[in-house]
Amino acid sequence: MSPTPVSPARSNRGSHCGRISVIATHAFTQLVRMKVFYFLAVFAVIVIGSNFFDLPQHVGPEAAGTNVLNSIKSWSIGTMSLFSVVFAIVATALLLPKDVEDRTLYTILAKPVPRIDYLAGKLLGVLLLVFVSLALMDVLMTVVLQIRTSMILSGQMEMAHSRGWPAAEIASLRADILRQGPNASLQGAVWAVFLRASIMASLALLISTFSTSTLFTSITSFLIYFIGYFQADARDIFLESGTAGTGWVARTVSLFVSLVLPDFHLFNVIDAVIQGQAMPLIRLWELTGIGLFYAVFYVLASWFIFAEKEF
Amino acid sequence: MADATPAVEICGLVKDFKTSFRRQMLRAVAGVSIRIEPGEVYGLIGPNGSGKSTTMKALLGLVAPTAGTCAIFGQDSLRVDSRREVGFLPENPYFYKHLSGAETLRFYGRLCGMRGPVLADRVSELLALVDLESARDRRLGGYSKGMLQRIGLAQALVQDPRLLILDEPTAGVDPIGSRQIRDLIFKLRERGITVFLCSHLLEQVQEVCDHVGIIFQGKMVKEGRLEDLIAIEDQTEIVLRDASPELVAQITALVANSPEAALVRTGKPRTTLERLFLRETLRDDP
Amino acid sequence: MKRWRRPLIVFLAALLAGAVRMPFEAALTGELRAEGLLPGHLPIGTLDKIGQTGAVVALGGLRTLVATFFNLRAFTFFTECRWDDVADTYDVIVELAPQTIYYWEAGAAHQAYNASSYYLNDSDLPPLRREAAWRAAVQKGRAFLERGIRNNPGNPKLNAYLGYLLTDGKKSRAFRDADATYLAAAEAYKIAAESPEALPFFRRFQLYALARVASREAEALALARQLYQASSNRTPTLQCVYFALEVHANPSLIDPVSFALSIFGPPEKAYVTLSNYWLRGGERLPVHGVARALKSLETKLAIPADKSVFVRHPVQEGEDE
């Protein structure tokens, strides 16, 4: 038996990034082939339908039409929020159990693939899909918003000119309308939606490492999502009402809850941006930093549990 | 020029599983030791639930041993690097149905760090080896069981490993497919690849393996070279073709004259049902 | 218990991570609140009103969406003339979306204009009750607008709208102390005028409101003089107010007619402008010297007595100075 020469196939050791990107793109295509993008058609209907939530004006002609822009924005971003969170949770929750059930997990782990690469790859695949979907929805929303803003703007300019408004007033009106239209802060709000979905996906990943059921993982993740919102409000309401002695246990519990669970309250900036507030870039960075912190922590925690899991 | 390092070295492997009753542990493997030299084809046989799959999984790092060690070419199984040299085909695998044959191999190849033209060549080479070139672009969802096993074998070989671990490679496969898989294993043996398989289809193990271990209730009860184990030591077999009755009578007389030997039986040997099946079905192939 | 060890470690690590990130999150929350990017907590009462699904959506992140729904509901109540429901709904809407100026304007308009008019004209109330209901509705609208200003201090639109409401001649009898009301209007217009998005007429309207307050004529005159500097400000109203305030400040030194001519230009133009101004007598704008100037101009322009402006609006007591 002659010694086998080292074949070119075996000489390349591969890299973490390489393996993670393989698994991520694979998870992405797997999810896409589940016909997820059909949802975008529903979204398109919602965005275009939100155009019609236009009330007759009873305030003043200057307010005419900008309220529908508010409506378009809140419908679109509301749908994006809902979709991204639901999808992030459910997609992540089903990926691991599916691999275990189909035994394809064995074939992957039997290759020289570290378990963290596997987890990170699956998560990134989900995040990629959420990102692409949000990007497409964002484009659609921005286009519809831009069209509607232009229509309102031209209508209002016509009205203002025909009534002989002075230039300063016309400029102010124009600035007011444009501020309600698409702008950079609105994109920041969409990014905040993505960050929130990313946190939920990584949390679902953690839960799926010790739960074996997609349903359980999904439900627990949704519960945590809602508690994460309630806890900020409920905790403050509770503390403000200030019952001294009896609140001790509940206060400790809520303290634990607020430490362990993510604080989604920060992402309510989305509301303010829809109402026309500007979000400075530095805040966006800070939010991204916090989102990254959560995601990395949950992935590492997932790895910690997944590493000793037996199949 | 044989490698001094054994391909597989399992020393005193013990694996306990927790059952639903807290106190009781199920001992799936109770002190198994296996040593496979490079180039051997080793068959691990035993009834269902005897610990075959668990032993393989321990070797692959899918489960952690309660006691004992497993090593592949000298590297501990719990280390990711030990799997560079191993290809694994699990029992009844379902690969990703939405991928085609070529895409599946490309996926696993890239997981092992291969890319570019090296990977493309390797994929073509493997598809030719397992005779699936005609189905390379068909989705795995449309493959038959035999084809799935073959693509599984190709996937296990993608990074050109020196050790191949096969868990029930011919389970549920029709005789033609089984024959193809066995031929492949022979081809691999010729290339010097070590094969470690487990099965409960004993006839097939008998055809392929040169070493065998019998495992029962988590313990090795018999182990050794196949020829040594199954030879009915005190009997010899001679099979003749176109022998005249006179020749048979002469041989019978010779035996009768020998002091120790005794004639056990004469008659027509039986073919196996498998050979009959293959003869009939393969003849119809164009 | 080895199986529980790893999840327990994860839990403890999560606690630790939580403790680490708390200060950052608290700091960021503070910064965001200061920039008006993060709304405060919803009071419990609002949560009740929104109902459970709404609460979930609102807490889950999209209060503006829930506000949009409630806006539709408010519109339905409006078409049905259910004014209490309209008011309640707008209370909820502004809790959810306090920075959307439109909702404050709409809520105030519904009460101060629509509801009040309804009570006065269309409702089945007896006459005494009608007037009281009208007044209550107007005051409710004012209060709502003021609340909106507290939530969005310095906003020019809301402040200007408040000023408009308080100087609206048809609404003036709803507010008790006329002087205080006009002062409040002037203050509102002043704040509106100071905003970078202010429209030019805010300053002028601040002047008009101030000029209506009996004790503040000196201040008004200073403002009038300042505004008069810029020719873009010299609208007919401003010119008349400036004229009246100057005459009031210097009653003996200035001949009203020649002063009028210096402001307005040709006598015909002066007459027309001052006549129009005179006919707006119900608005309590200052009219010092206007009657005298008009009489002189009528003589000068030989306007017949039956076409005199005083036929339509005779000089009241104390108006002629």
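Every chain is named by a letter (A, B and C) in the order it is written, and numbering of its residues begins at 1.
Convention: a contact is a pair of C-beta atoms (placed from the backbone, for glycine too) under 8 Å apart; a residue touches a chain by one contact, two chains touch by 3 or more.
No experiment lies behind these values; they were computed from the predicted model shown.
Participant: Looking at which chains touch, is this a line, ring, star, complete or other?
Facilitator: line
Participant: Which pairing of chains gives the most C-beta pairs in contact?
Facilitator: The chain pair with the largest number of C-beta contacts is A-C.
Participant: So how far apart, in whole Å, are chain B and chain C when each is placed at the average of its C-alpha atoms?
Facilitator: For chain B versus chain C, the centre distance works out to 88 Å.
Participant: Approximately how many whole Å separate the CA-defined centres of chain A and chain B?
Facilitator: Their C-alpha centroids are separated by 48 Å.
Participant: Between chain A and chain C, what is the gap in Å from one C-alpha centre to the other?
Facilitator: 40
Participant: Using the touch rule from the top of the page, what residues of chain C touch 2 or more other chains?
Facilitator: Within chain C, no residue touches at least two other chains.
Participant: What are the residue numbers in chain A that touch two or more other chains?
Facilitator: In chain A, the residues touching two or more other chains are 308.
Participant: Can you tell me which positions in chain A touch chain B when the two form their complex?
Facilitator: Per the stated touch rule, the residues are 1-4, 7-10, 12-15, 18-19, 22-23, 26, 29-30, 33, 102-104, 106-114, 308, 310-311.
Participant: Help me check something: in the complex, which residues belonging to chain C touch chain A?
Facilitator: These residues of chain C touch chain A: 6-7, 9-11, 13-15, 17-19, 21-22, 24-25, 28-29, 31-32, 35-39, 41-42, 44, 56-57, 59-65, 67-68, 71-72, 75, 78, 97, 99-100, 102, 105-106, 109-110, 114, 157, 161, 197-201, 232.
Participant: Sort out for me which residues of chain B touch chain A in the complex.
Facilitator: 1-3, 39, 57, 60-64, 80-81, 83-96, 98, 107-115, 118, 122, 152, 155-156, 158-162, 165, 191-192
Participant: For chain A, which residues are in contact with chain C within the complex?
Facilitator: Residues 53, 55, 58-60, 62-63, 66-67, 70-71, 73-75, 77-78, 81, 166, 168-169, 172, 175-176, 196, 206, 210, 225-226, 229-230, 232-233, 236-237, 256, 258-260, 263-277, 279-280, 283, 286-287, 290, 293, 297, 301, 304-305, 308.
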